Amino acid sequence: MTASSTPAPSASGPSGPSGPPGLGRHRHKVVSSVTEALADLRDGMTIMVGGFGLTGNAEALIRGVVERGVRDLTLVSNNAGNLGKGLAQWLHAGIIRKVVCSYIGNNDDLHTRMASGEVKVEITPQGTLAERMRAAGAGIPAFFTPTGVGTVIAEGKEVREFDGRTYLMERALSADVALIRARKADQFGNLRFWRTARNFSPVMATEARLTIVGADELVDNGAIDPDDVHLPGIYVHRIVHVAEHENPFEYRTTRKRG
Amino acid sequence: MTASSTPAPSASGPSGPSGPPGLGRHRHKVVSSVTEALADLRDGMTIMVGGFGLTGNAEALIRGVVERGVRDLTLVSNNAGNLGKGLAQWLHAGIIRKVVCSYIGNNDDLHTRMASGEVKVEITPQGTLAERMRAAGAGIPAFFTPTGVGTVIAEGKEVREFDGRTYLMERALSADVALIRARKADQFGNLRFWRTARNFSPVMATEARLTIVGADELVDNGAIDPDDVHLPGIYVHRIVHVAEHENPFEYRTTRKRG
Amino acid sequence: MPYSKEQMAQRAAAEIPEGAIVNLGIGLPTLVADYLPAGHAWLHSENGLLGMGPFPYEGDEDPQLINAGKQTVTVLPGGSTFDSSQSFAMIRGGHVDLAFLGAMQVSAHGDLANWAVPGGKVMGVGGAMDLASGCRRVVAMMQHSTKDGEHKLVARCDYPLTAARVVARVITELGVFDPTPEGAFRVVELAPGVTREQVAAVTGAPLL
Amino acid sequence: MPYSKEQMAQRAAAEIPEGAIVNLGIGLPTLVADYLPAGHAWLHSENGLLGMGPFPYEGDEDPQLINAGKQTVTVLPGGSTFDSSQSFAMIRGGHVDLAFLGAMQVSAHGDLANWAVPGGKVMGVGGAMDLASGCRRVVAMMQHSTKDGEHKLVARCDYPLTAARVVARVITELGVFDPTPEGAFRVVELAPGVTREQVAAVTGAPLL
């Protein structure tokens, strides 16, 4: 008895340097450079980037995208940089066509480009943004939420009552690529995050067709106890070790020792 | 300036020995006995019980419910005991009116009572069961899923197409009480689970109006690192330390040392 | 004499029962934390933190441990960290007991407008709509009028809404007021020396 | 000569590319694990385990570390544990590459019936519908006919369906067959010495 052939690769899933497209993507995930990690990026892609403000940003990957030279990107991120840092670099480089985010605040780089029409902005409530990602990752095309009912967020959306309360229908949101940062990664891509640097990164990883991780520390399989994995490696496709970080403060607030 | 009064308690949330109903439920959660932990149970309640087969059962709480003497319960659990153990005790005691589960298998205690009409059984696909709980805990009244399309599970349910694929609408599922087991709990109710004993317990905790935990080990706040919490204490209302467990094997399979 | 900002924060703190889970919005609500006795309540920050502590001592700041206002904070014993979808599941699932939110306008029916000024710069909505729609009790904290003397407690909001019929209580420098289903503000208490008539003159809806 | 169960499992293992995430159903599919080289693929168990290892050595059994068949198992380096909602999000979100499932009937269009016999005891559906609808590729493993000689590869299932048009490939003791949109089974290969005619005689739908 011989096996005729391995199954044909499925249509989904990007190809990459570390494996064939399709069903067998979970081997040789660790690459040796940011350039290699970002090799599959293309113009016009939708890219999600983890982080809350400047906390938890995959700084080296964000810089690497500018160096990669792709453009016309749709960026999905809770913010889009601030204080000229983080994703503001993409705004400066002029490679973003559209931003989907929850909060702009005093991000003047974005305000300027919105006003000029260079960048379109779509505002989504923060919880709805996270839930739309979670839905996409879990195979749910649409769900109902009370957030946004009776507001501009509801415009053009289906409204429906359940048990006497009114809800909006929101659609799943997925991306071509997710760029995230982890405190620790093993070779399979099991991840741990640090404190509030976790934020959107795990949920973005669940729905992107290609999840690329910049890991502060890279360890062997087995070094993370199975019960201590924050995000299982099933959601991770490329890993690059990043030793240096700026870790900027956005608002450094302290109290005096007393 | 003086405060006029604390706000009126909201309508939701059960009362209990350890705090007033309503908004201030997150104090004094640790009780000294199973009896005290189960004091708020009433006839006719819907009770969810964690565990997959006999693994991860809150054994002392399951026994305690029989001793408590409540009846006409609706039980929501992936299984409903097996081999005469676990939730089979509730079947033996005749206190269940209805079971919502995904799998019966060779649970003869349940087969007998289904056949006699003593217990109604509602079968839900296992993933749909988990997702309905997760939805209830996250404030989502309904969502769409492909699981069950074209099968008996779809009967009476809304069917809808998104992007060319057909989906069912499933509704959130919540309970009056969740009974779960954790490997470790702190005083606030932050929980850690052990291996595959985790299964349905965390997600059940998110949607029950009263979540009661039997913890193998009870530690001080701060003993679990914030990044190592599996289920935050916001979802936990009563904790009882349970030192002894049967931990039965359902199918003990091994290989020879070689 | 109207309440100072600090007195408003202190008054707001008195709304918090022991053992509550509380989310404090950016701005004025942030001050409420200063008036909470240690261990009284649990602070939730929507960027993924429950059991938030005070600002760190100088030198202990961690740029990866922040609150929703992106300020460096600490985590208390019993605290936990989690991702954004879990954090908003807590909010949207009704597990956060109380939210204190800044407001631009509150209607006498409890509608909240706190994220955009008509014709103004788009700042984004952040977690405001989720908090307003999801938390079990929403308390608005605001100045009673704009700097130009326009009403902020109104019969109907003309600023873009954050959520409809969600505000249970409003704390201003003039006192404490509850929106009602009848579309009037019930006077719960007045700041010392402030009269009903003074309040009525600067409120765009009937008082009860 | 038809394949033995072990040969069917071995043939099934050859379907698994290196680096795949695989879920093995209860029964015959469980045997597939015996033919996977170490480190070749990652086994997912829907009760909350990825990176499942072989049965434990005698004396090492942990009653809290089981597979979906409730057998004691082990976890490999690089494995992880998680709750049921996360586990089924993996399945339903299309993150599990391959599912090998037992089957009672498979139609030539790829419909799967594997959870209930008409008029039989209700066993429940477990995770079968989620696996069948959610995994990226579904391979059915089954005997070609019932003990009474009834067809199990059929034009249309008359047993209650698990999911419609999901089976990509069927492995039986007689060979390997792919359902097609045209409603015929494409013969991918035959067990040694088995003829097309023999298969046609015990298959309830056309062969391609």
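To keep things simple, chains are lettered A, B, C and D as they appear, and every chain counts its residues starting from 1.
Convention: a contact is a pair of C-beta atoms (placed from the backbone, for glycine too) under 8 Å apart; a residue touches a chain by one contact, two chains touch by 3 or more.
Quantities reported herein were computed from a predicted structural model and do not represent experimental measurements.
J.: Identify the chains in contact with subunit A as well as subunit B, in label order.
T.: Per touch definition, common to subunit A and subunit B: C, D.
J.: Comparing the two chain pairs, does B-C have more C-beta contacts than B-D, or is it the other way round?
T.: So, comparing the two chain pairs, more contacts are at B-D.
J.: Averaged over CA atoms, how far is the centre of subunit C from the centre of subunit D? Could you give it in whole Å?
T.: 54
J.: Could you grab the centroid distance between subunit B and subunit D? Build each centroid from C-alpha atoms only and quote it in angstrom.
T.: 30
J.: Where the centres are mean C-alpha positions, what is the separation of subunit A from subunit D, in Å?
T.: Here subunit A and subunit D have centroids separated by 33 Å.
J.: Multi-chain contacts only, two chains or more: what residues does subunit A have there?
T.: As it turns out, subunit A has residues touching two or more other chains at 131, 134, 138-140, 145-146, 193-195, 198, 226-227, 230.
J.: Where in subunit C do residues touch two or more other chains at once?
T.: 49, 75, 81-82, 88-89, 92, 134
J.: How would one label the connectivity among the chains shown: line, ring, star, complete, or other?
T.: other
J.: If I apply the definition of touch given earlier, which pairs of chains qualify?
T.: Listed by label, chains in contact pair as A-B, A-C, A-D, B-C, B-D.
J.: Per the contact definition, I'd like the list of subunit A residues that touch subunit C in the complex.
T.: Subunit A reaches subunit C through residues 52-56, 78, 82, 101-105, 111, 114, 121, 123-131, 133-134, 145-153, 193-203, 230, 247-257.
J.: Report the residues of subunit B in contact with subunit A in the complex, numbered from low to high.
T.: Subunit B residues touching subunit A: 131, 135, 138-146, 162-163, 165, 167, 171, 192-195, 198, 226-228, 230.
J.: Touching residues of subunit D toward subunit A in the complex: what are they?
T.: Per the stated touch rule, the residues are 3, 7, 10-11, 14-21, 41-42, 44, 49-51, 75-82, 86, 88-90, 92-98, 134, 136-137, 168-169, 176, 188-189, 191-192.
J.: If we count contacts the way the header does, which residues on subunit B are in touch with subunit C in the complex?
T.: Checking each residue of subunit B against subunit C gives 1, 3-4, 6-7, 10, 12, 19-20, 22-28, 134, 136-140, 186-188, 190, 206-207, 220-222, 224, 226-227, 229, 232-235.
J.: Which residues of subunit C touch subunit A in their complex?
T.: It comes out as residues 45-49, 54-66, 68-73, 75, 81-85, 87-89, 91-92, 111, 121-130, 133-134, 160-164.
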